[in-house]
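Both complexes shown next keep subunit A, but they swap its partner, so subunit B is in the first and subunit C is in the second.
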Partner chain A sequence: MTGSTETVRKVASNTTVRHYLARVAFGLVLTIVGLLFALPLVWLVLAPFDATPTLSLEWPDWTLDNFARLFQNPYAMRSIGNSLLLGVGTMIIVVVLGALAAYAMSRIRIPGRDGILYGLLLLSSIVTGTAAMVPTFQIITSLGLINTYTGVLLVLAGGILPTVIFILKDFMDSIPKSYEESARLYGAGPFRILRDVVVPIARPGLAFIAIWTIVQVWGNFLVPFILLRSPDLQPAAVLMYTFYTESGQADLRLISAFALLFSAPVLIIYFVVNRRYGFRFHGGIKS
Partner chain B sequence: MTASTTTPAGSLTAPRRRRADDVAGLGTARAGIFVAPALTLIGLFLLFPAVWTIWLGMTDYRLTGLQAASPEFVGLDNYVEALTDPSFWNSLWLTLVFVVASGIVGQTLIGFALAWSVRNIHGWVKALIEGLVLAAWVIPASVASFLWLVLMDRRSGTLNGLLGTDGYAWLIEHPMEAIILFNIWVGTAFSMQLFSSALSAVPPSQIESAKMVGASGWQQLRDVIIPNIKGHILTNTLLITLWTFNTFTPYLVTAGGPNGKTEILSVYIYETAIPGGQLGLGAAISLIMLLINLVIALAYIRVSRGRKKG
Partner chain C sequence: MAGINATRLVKEYPGGVRGVDEVDVEINDGEFFALLGPSGCGKTTLLRSIAGLEAISSGQLVIGDRDVTDAEPGARGVAMVFQDYALFPHMDVADNIAYPLRIKRVKRDDRRATAEKVADGLSLQGLIERRPGQLSGGQQQRVALARAVATRPDVLLLDEPLSNLDARLRLEARTFLKELQRDLGVTTVFVTHDQAEALALADRIAVMKAGKLQQIGSPREVFQRPNNTFVAGFIGSNPMNLVPATVSAGAIAIGDAVSTTLPPGTEDHVREGQSVVWGVRPEYLRWTTADEPGAIAAEVSVVENLGASVLIAVHVDGHKLQVVVPEDHEPAPGDRGYLVPTGSKTLLFDAESTERIG
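So, the complex of A and B:
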């Protein structure tokens, strides 16, 4: 009798010890993984505020001078403006064309509609920026649109639209049809109904798409890198790369502040938007 | 049915049973007008390039010189040239290593491990870990790659500082390992998020009964969790494979170097076609890439269809 209770006690204490050790090991591993993920990010957060940033990680000699200098740098600020222009431009094309198409597809049974929708989505995941860079470059060159925003906007919008139509159609499907019915009873035409009834109700969906598009374009490197030549037209994604590859002596005060300024909008948008929409936001088609 | 008095001409052609959907009286004709601009844009700048690749890949089109003005049809010469070039096979091999190591193994396993580890934690620890992993994912690619150049810099990089290996050139000694780790760092967030939502959907009753019969953590994982999230694992693997295969970002870290040691297929195409100027050859390799993408995407569709039915 006593023997068996002792064994039980022994086993029990063994499990507690093992359990405790497992917890410690688990915490340790999680901390290390967390640190590994944090390591490259620390520089991004600290170096811009250091009076003399180096490539090493060190506690900064706090200052805001780097940002003051950055705001006076014409190239840097222009590239941020260019990124904004490309983002907003693509967003307008994509939201307007996408909303029209999604609405029509949601309300009318065009023959083979679902097939078209899935086909488009398949197309956009196969014909990625990298796989299509050669033909795209050649076509845009032949059209004389190389080194123009028109070319970049058309290519970006074409690549993003299938996903946009897919998401917006889902959204339009969930809008109750009774509003449109009653608007029509009062004699409103389809355009009027779209403008005054559907768009206001679909506003959250449209806002989601608008922000999602800007974030996608903001970070896009490949399309402007290939299609734009003049430094004046380069968006921040490309200028960032030019900064650290082409300048002989890298100006770390400028680069570090620029990197943070360029990353901040998407980081902020993520922290605000991701809470509301969940991870679907960045689950879209990358690159 | 008073609404029928305002029926526009377009919907007259629409059969009766469809009227219930068409509440705005759009009609098929007008619907076509609504859809046309978007489809035209997609057709011209997404579908057409893909089709055009087939033609372009059979020409000797170059960026400059005589072949730029009047390219000639060369049939399958480009394919022969690519398939007999050891540097193409080298690139394909590097791509395979890159996709398997950084995508399928790295991102999926670490993503799952992270989702699994933080599933029962709440509060700031979870928010911090998820925030860090996600920050790596949302930061623009050109910033992320610069951060890794800082990390691995030869003279005063963070890594050399921490390890006391001053002067060690990580990007020259271990370029492949570097871009693999870089890509894991960038992309793990997607798998982590996907598995987090998958794990939260596993019925707690099943886990409880597994615990009741004394299943260890590992046994719970093997017998309860994994069968439950099998579909998610497949989806995740296929998407990650597709994205990792198509990423161009490693170019920003190593530019394919040193000596082509990190020249994965996307970089190889870029180097061949744009700085190299051989658009025809580049297009031929692009078509191979498009076909591989097609296979992965079709597999993905099969898997997701099967999941919906099951």
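So, the complex of A and C:
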């Protein structure tokens, strides 16, 4: 009798111990993974203020010199402006055309509509990728749009639009048709309906698309790198590539300072939008 | 203000389904007109065709004195309340009500004033700044009505306006709707599959089945003199008893043993041996335990309590009939007795065409 209670107790304490150990191990793994992700971010924040930054993480020798040098570089600040221009430009094209196309796709019956959408989506992942680099270059050259923002905007927007149409169509599918029919009965035309009814209801989706597009363009290196020649047109992602010392080494002092500046706008946008819209996305995703 | 006149109206959906099939209907100016029928019979399709939300396949539609067969929905002078109300979720009540005025470029202050006046008229005071999501079903329904009448349309179309309300609220809203319609005097077409609602509200009712009109008439007409067995079975809170029978020796023979008299006015329209359907409403059958002339022998199978009365199901020679019996006199299942039809209220239909005889 006593023996059996003893065993029960032993087994019970055994499982508690095992449970406890498992939790500790799990926490440990998570900590390590978390650290792995956090280290580059710490570097991003510390290195710009270090007089002699290296690729390893170390306590900085505090200075603002790196930024002073960065601001002396004639292209640095301009490239951030260029990035903004490209990001906002692409965003406007993508949001306007994407909203119109998604609305049409959602409301008009075309045979094979979903096939078209999936096809576009599939192709678009190739268009802006490395595989289509040469043809993209050739097309833009023959259009005479090399070294122009028009060319870059076209290629960037073209690559992003299918995904956007796909997401927004789903969003607009969830808006009841009776809203528009009701507006139509009161004499509203298609653009009026789009402006008064569809866009306000789809606003969270549009906001998400806008931010997402800017972030995509902001980090895009390949397209502007291929299509732009003049250094004063380069966006930040490409310019960073040119920061070398005379000896041909990567200039970590400039790169680290620039990297911090480069990541700031995206972070700011994210926080502002997250506060305003909270990235609510329920309308577009059917549960 | 305007009447509606549809001539041989057809709406054919892609794939060949005729939602509305050769419908002729004339709705008078200021009339409260109900479209009644079972699910899928084409009520909504007809309503949407009148509104212009569905392109008419063939036929002609006139509203007032204008041919609007091909007119844009916005140019027909019609307003519509949708079954889901279709209130814009991002606008408050005032903006919702004033939206039609905004499209007509009425000035902001005038819009606001009109919206407030209309809202007051529909007892929506104090709710004007709320969003539709913050309103109850009944309030939403009134906002939708307010928006529809704010522009003083010639024609008001309602698609099952009461179906989203619970039973008690529905009765309230019914009275409310009737008063509103009378006050405005606007030609109103409303869709319902609830025959009681149609009987209670409408000046006239059109009963539809599979896209075709079955009968148009006042509530009394469709109730008392249904054109065919379909209308007879559809109208009335307890469906009419429809019993297959034959004409035999100037009377109606139900099976071999049972017979009853011909309904008045049908004698000259039937021939000996004709297959017919004898129709009598459960309310017009009297249950008695004593045999009397013209009575039909029956056996009770089920007894259902309706409150002030009792609905009993009885077997007559293999056919099932329903009878409404006043409370306190209800028989028990298994009882045998007699049914006495109120002769003047019985009807006769041809078995083949299902049309009423006489």
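The criterion applied here is as follows: the second predicted complex is superposed on the first by the 188 of 287 C-alpha atoms of A that agree within 3 Å, B and C clash if a C-alpha of one lies under 4 Å from a C-alpha of the other, contacts with A are read in each partner's own complex, and residues count from 1 in each chain.
Here is the rule we go by: contacts are C-beta pairs under 8 Å (C-beta built on N, C-alpha and C of every residue); 3 or more make two chains touch, one makes a residue touch a chain.
From a predicted model like this one, the values you see are computed outputs, not experimental measurements.
J.: Quick one: is A:200 in contact with subunit B, with subunit C, with both, or with neither? Answer first, second, both or neither.
T.: second
J.: Determine, under the contact definition given at the top, whether A:159 touches first (subunit B), second (subunit C), both, or neither.
T.: In the superposition, A:159 contacts subunit B only.
J.: Would you mind checking which one, subunit B or subunit C, touches more residues on subunit A?
T.: The larger set of subunit A residues in touch belongs to B.
J.: Taking the superposition on A as described, I'd like to know which of subunit B and subunit C A:19 touches: first, second, both or neither.
T.: neither
J.: If you stack the two complexes on chain A, which partner ends up touching A:139: first (subunit B), second (subunit C), both, or neither?
T.: Only subunit B is touched by A:139; subunit C is not.
J.: Under the stated touch criterion, which partner chain does A:184 make contact with: subunit B (first), subunit C (second), both, or neither?
T.: Both subunit B and subunit C are touched by A:184.
J.: Of all the subunit A residues, which ones make contact with subunit B and with subunit C?
T.: After superposing on chain A, subunit A residues 178, 181, 183-185, 187 contact both subunit B and subunit C.
J.: Provide the residue numbers of subunit B that touch subunit A in the complex, in ascending order.
T.: Residue list for subunit B touching subunit A: 2-3, 6, 8, 14, 18, 21-28, 30-32, 34-35, 37-39, 41-42, 44-50, 52-53, 56, 61, 110, 113-114, 117-118, 128-129, 131-151, 153, 155-158, 161-162, 185, 188-190, 193-194, 197, 242-243, 246-249, 252, 266, 269-270, 273-274, 279, 282-283, 286, 289-290, 293-294, 297, 300-301.
J.: Touching subunit A in the complex: which residues of subunit C?
T.: 51-53, 72-75, 78-80, 82-84, 86, 88-90, 99-100, 102-104, 151
J.: Which residues of subunit A touch subunit C in the complex?
T.: Answer in residue numbers: 176, 178-179, 181-188, 192, 196-197, 200-201, 203.
J.: Quick one: in the complex, what on subunit A touches subunit B?
T.: Checking each residue of subunit A against subunit B gives 26, 29-30, 33-34, 36-44, 54-57, 93, 97-98, 100-101, 103-105, 107-110, 118, 120, 122-139, 154-155, 157-159, 161-162, 165, 177-178, 180-181, 183-185, 187, 189-190, 193-194, 198, 215, 218-219, 221-222, 226, 236-238, 240-241, 244, 255, 259, 262-263, 266-267, 270-271, 274, 278-279, 282-283, 286-287.
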